[in-house]
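Next come two complexes, and both contain chain A; in the first it sits with chain B, in the second with chain C.
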Partner chain A sequence: MSDLKPMTALGGADPVRLTLGALTLTENAELALASLALRRDTIVGSGRPIPLGLTLPDPGGWVGLEGVAAFWTGPGQWMIEAEEAAGGDFAALVKTAAPDCSVTEQTDAWVAFEITSSQGEGPLVGLLEKLANLDAALFRPGHATRTAIEHMSCYIIRRAEDRLAILGMRTLANSLWHTLTQAASRLQLAA
Partner chain B sequence: MLIPHPLLGPRDAGEFTYLGDARLLERPDGLGPDAPAAFHDYVYLRDNIAGVQRELWFHEQGDRSWLVVTRDTLTHEILKAELARDVVLARKEAGK
Partner chain C sequence: MTRLSGGVIDRSRTLSFTFDGQAYQGHPGDTLASALLANGVRLMGRSFKYHRPRGVLSAGSEEPNALVELRTGARREPNTRATVVELFDGLEAKSQNRWPSLSFDALAVNDLFAPFFAAGFYYKTFMWPKAFWEKVYEPAIRRAAGLGSLSMLPDPDAYDKGFLHCDLLVIGGGAAGLSAALTAARSGARVILADEDFRLGGRLLAESGPFTDQSVDAWIAGLEAEFASLPNLRVMRRTTVWGAYDHGIFAALERVADHLSTPGEGVRQTLWRITAKRAVLAAGATERHIPFANNDRPGIMLSGALRAYANRWAVRPAERVAIFTNNDDGHRTALDLRAKGVEVAAVVDSRAEAKVLGDYPLLAGALVTGSRGRLGLKAIRVAQHGRDQWIPCGALGVSGGWNPNVHLASHHRGRPVWDEAQQTFLPGEEGPPGLIPAGAAVGEGSTHAALMSGARAAVKALDALGIKASPPNLPEAEDRPLGLKPLWHVPGKARAWVDFQNDVTVKDIALAHQENMRPVEHLKRWTTLGMATDQGKTANVTALAVMAELTGKTIPETGTTIFRPPYTPVSLSALGGGNTGTHFRPRRLTPTHVWAEGRGAVFVEVGQWMRAQYFPRPGEKTWRETVDREVLATRAGVGICDVTTLGKIDVQGKDAGAFLNRIYCNAMASLKVGMVRYGLMLREDGQAWDDGTCARLAEDQYVVTTTTAQAGPIYRHMEFCRQGLWPELDVQLISTTDAWAQLSVAGPQARVLLERIVDGFDLSNAAFPFMACGELTIAGGLRARLFRISFSGELAYEIAVPARYGAALMGRLVSLGADLGATPYGTEALGVLRIEKGHAAGNELNGQTTAQMLGMGRMVSVKKDSIGAVQSRREGMAADSRRLVGLVPVAATDPVVAGSHLFTEGAVHNTGTDQGWITSACYSPHVGSAIGLGFLTEGEARQGEVVIAANPLEGQAIRLRVVSPHFVDPEGGRLRV
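Presenting the complex of A and B:
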């Protein structure tokens, strides 16, 4: 038998972590993802399911509990996240929790980068202003949206005052990493 | 240019792609007796309005929803944006 070893999205054996000034960027290789969509006949029906205890958020929103989270991706559609669960069959777990919904495995389609700030929200807002055409000051904790970063379609999630997550297409992981580290290092130079 | 997305608020127009006249939502019946003529008009004929026009925009780099955007072609002012889904459902409910 071949001795196969898993690679992270950036191609290494271990997730990459880099600190630039106040910002620390980490490749989150253990984040499991599954999309959850309401069926057409349930959209007007008796309200939303509550998978894994998550109250599915309104448009542009993100909610997080211990280890699991959900964010809105489109009308009647959400992405469900789970920490430290990329190795398992997370979609099956979500399907069991919400049997009336369409659930699709998404873990291997995305690369997730977690960005934390050691100096409060200032550096994160500065980074967001550089990265995307969003109103960074209004993008508060609990907000999540999809937008373009250098022509790459990404989800941006404000997990907390000092924490931001960016999910991009896995095949473009290195390009996205380059973009993020460039922006962070220029922010560091400007400071 | 900003497009006031009905669910997400003002969003940069760069996130959207443009399809064309919102009358494209009114697709003729392909099995009707006058289908060839109706489809000719549907595919080829457009009004070239200098003024208020309804257009289909796709939020491609966003939530992937189709919008019906009402825009003044003389000033580029955007007067209204609705979810195309709601527009079609409202028309169906109106019994068309």
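Presenting the complex of A and C:
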């Protein structure tokens, strides 16, 4: 094991966690990500693979199993997620599970913020209304989309009734964190 | 205080405020205008051009006159309409456009010289001498004419923005809007009801007893309770929907905290983008006045406003009031005022057949032809049956009919249509799709008609969405006709104001007509009619009618000007979205940013990126000293630079090589696994676009690098090619720019340093030669990628690790290489190193250069086709003889200035003799002087020649010698050791 010390996307040794009113925002530094794209003969011919037991979702969808999940990112393309696996070579694992696909390591391409609400979906909907041009009320658990937040390209995933994840470009982590915490603190003030 | 009984104000609480330093009191529910009127203040401002005393004209957002500077210090806001300012305790307001005081304004002298200030006067008067316009005339005119002034301080408040979606957006919370919202919300549809006022009800609040079966208060209270219980309805008070845009998108401004003395920690205003499947425009109507001589005195108001002040705000406008009308609505004002105990001196009705509707004197077939009162109305002159009489009164309500607020329905260049029966413009058919006008906005202005119209519009809108809705039980309401007979102005010789805000009179319109400025768009520009903060809400239609009368055309033939957002003024702070300073735009930080901060690095913006520009050390007095040290240390030992910002694109698939062959002008399919090749991309037109490297990690996997600036555009281009041009190819793309921290390790000691960190990887020249690449582990098992490529001309590598390890790797390399002189360097040294080596970068790839000019003409493969290859062989491009050259000053201390143009020595300097230009320049510590790169005609053959670098802006002409662009190691031996 290397003795080089990793740094979180926000520039610290440990992930940041902040509670603002009903919302708790957590930097998910241990989320491993790998992109999985079908090869052309797979698109034309046989069906989709089922990597790590995941039934790859249709456009706009997210599916989660114990510790692993997948969301649609483009035609014939998904992002595969694994909890607590950022330290390893997750892309290699996915490639083994789907050897006929193009797999690319994406773990450190993104910063992931998990946002939970202690008061049901209301605060999450309120937050989304301030962040992105998507219909927050129709963005139900199991939905994922790519959209812009303050000019930053992001993935937004509704993991559960009371939980969202927002993935932004890792190098924009600080700007995204500022945006998210500012919106959350304003909701707290207005509540 | 001159309060009447009733009203929708909270008399249990008193609010203190000041106007021009004088203290007054009002109540919650007041606007600044109503509170001033209640305190007997009629004079609220001075007019734009003539500085005439002005009072409030309206009771809403259409107000042209009562503009004040609200608040103080950095929060001072000029041109605020007193009619929409919700009173709060401690409010401070000042009048504007006057000196030294509101009651005595020295510039009122302009009024005496009014004949010189007619429409277009400044186009005609200030013609000579020409040079005086910019320095003398214009500043003087701007000082004399105008509105309020800015604080010139940064806005201290926070602004926000957001996005909402709904089935139905109801714009306006009056009778029609409330009825529409109720109908729609009960159907279960997702509804947003937005109203600019702080209280729902619209005109209902301004009328006495519009319902015959219940009180307005009770009905609205019931609605409010029901609305609060409906989760599918969002009521947005203090929210103006100010623009209709494509795809059902509406812009709305919510004044979150404008009714508070300060927003505190919260936001002041929120700009909402509302996406609505359908919308009901229930924006109501604006009353029009009737121009007559001196119709602009404080105390002369719209009749409906007079009624609103009395009914909603319990304001007694004056002891004695008169009405001037051409319809029955004016009589309603008289009746309401009478009922509240105000003396009505007369109702002057232009209709000869007008009937008296209550206990007040009626002068039928009469006209108001003048007024008296320097700072406020004292009397009106009335002409009836050929006789004139003066009638003393302190307020005059004028009613010329109602103009539907068609603005939002006209935003998609939808032209309003003239309705002859109602003598008004109604929303046209070609407005924003899915927007259904209702109520007074579509000419259905009686309370009964508005309620029914709103419900109908909601049912129709939802039906189109497949949602069944049915009209609710609505109150029984008045349904009186207006009985209007058009009267657009009272003829006369004295000035009669049409547009109060811009001081445009009937005479000005006649002058515009006389000077052939007859089309409405010309009329607007010539007279300034309909401009500024009110956009002519109370003026435009009247002006069109006057022009129509003069031209002999009908009003619809005369037409309207174009309606554009915003409906009412929106602050730039709100439009800006709220982000200022550091967070004005997102900032990308490199993986070593925190580490570089710790080393005291100076940063530079490179697009969205913040990059370390140089790393000053104690004792270094100038940036040049630092950069020279970094460059020399790299060439002597080893330098390390974060190059993560270069774009990285993972290209996989069976056809990855074939795909890259088409993207790059040189061959990539033939690249061996484990090797890297420099690549050049051309645009479709054959010009050089971007350069970078292409590393083949496997038979079916490449990693493409791009320049920092073009990372996004190249990725987009490649996606377009993959999806749009050649979908038959088996290629998959994804950006990995952020995933990997990439460090350049350059200098003769680079290999020695890297050997100290790799896990047994053979770095020997034989095993890992120039342009090799491979995957390996470092520092005890960390996954990494290594590329033996060089931008500096030295033995160099780029090493990539997962981004989270970038800072740690940088720190480790610098400490492990201390004995080797390992030196972190920034973008300045990076630039110097590449100029010394003669590598092209963004300065050279500026969209005007060809592969040939860069010395890479042979790279454009003729064995295969690629984007831009054919076009690059066009005669004109192929014939361009300019080539990249190096340049050094003949006198060693002379500068080399990038951007200078090159000329043959002795030639005149003009575009005809231009021989090229300098693209890049720096001080080279290696050469010991300034050096440059540039494109020079026949450059290859002119080495040794002296040319002139002309910089006419600075008056410079510097002698430069043409040399090889490779100032360092032109044979490239250092790269390959």
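Everything that follows uses one rule, which is that the second predicted complex is superposed on the first by the 187 of 191 C-alpha atoms of A that agree within 3 Å, B and C clash if a C-alpha of one lies under 4 Å from a C-alpha of the other, contacts with A are read in each partner's own complex, and residues count from 1 in each chain.
The rule is short, and it goes like this: a contact is a pair of C-beta atoms (placed from the backbone, for glycine too) under 8 Å apart; a residue touches a chain by one contact, two chains touch by 3 or more.
If you're wondering where the values come from, they're calculated on a predicted model, not measured in any experiment.
> Counting only touches as set out at the top, which of chain B and chain C does A:40 meet: first, second, both, neither?
So A:40 only meets chain C here.
> Using the superposition on chain A described above, determine whether A:133 touches chain B (first), chain C (second), both, or neither.
A:133 sits against chain B and chain C alike.
> First (chain B), second (chain C), both or neither: which does A:160 touch?
neither
> What is the contact status of A:1 with respect to chain B (first) and chain C (second): first, second, both, or neither?
In the superposition, A:1 contacts chain C only.
> Once the shared chain is lined up, is A:145 touching chain B (first), chain C (second), both, or neither of them?
In the superposition, A:145 touches chain B alone.
> Mind working out whether A:18 is in touch with chain B, chain C, both or neither, as first, second, both or neither?
Neither partner.
> Hey, is it chain B or chain C that touches more of chain A?
Answer, by number of touched residues of chain A: C.
> Contacts for A:59 in the overlay, against chain B (first) and chain C (second): which applies, first, second, both or neither?
Touch status of A:59: first partner only.
> Once the two structures are fitted together, what part of chain A is touched by chain B and by chain C alike?
75, 133, 135
> Quick check: in the complex, which residue numbers of chain C touch chain A?
It is residues 158, 160-165, 190, 265-267, 273, 275, 579, 583, 585-591, 593-594, 608-609, 644, 650, 652-655, 700-701, 723, 728-732, 734-741, 777-783, 801-809, 812 of chain C that touch chain A.
> Would you mind writing out the residues of chain A in touch with chain B in their complex?
Interface residues on the chain A side: 59-60, 72-75, 133, 135, 145-148, 153.
> Help me check something: in the complex, which residues belonging to chain B touch chain A?
Touching chain A: residues 7-12, 14-15, 60-65, 83, 85 of chain B.
> Of all residues in chain A, which touch chain C in the complex?
Listed in rising order, the residues are 1-9, 11, 29, 35, 37-41, 75, 77, 86, 89, 102, 104-110, 129-130, 132-138, 150-152, 169-176, 178-179, 186, 189-190.
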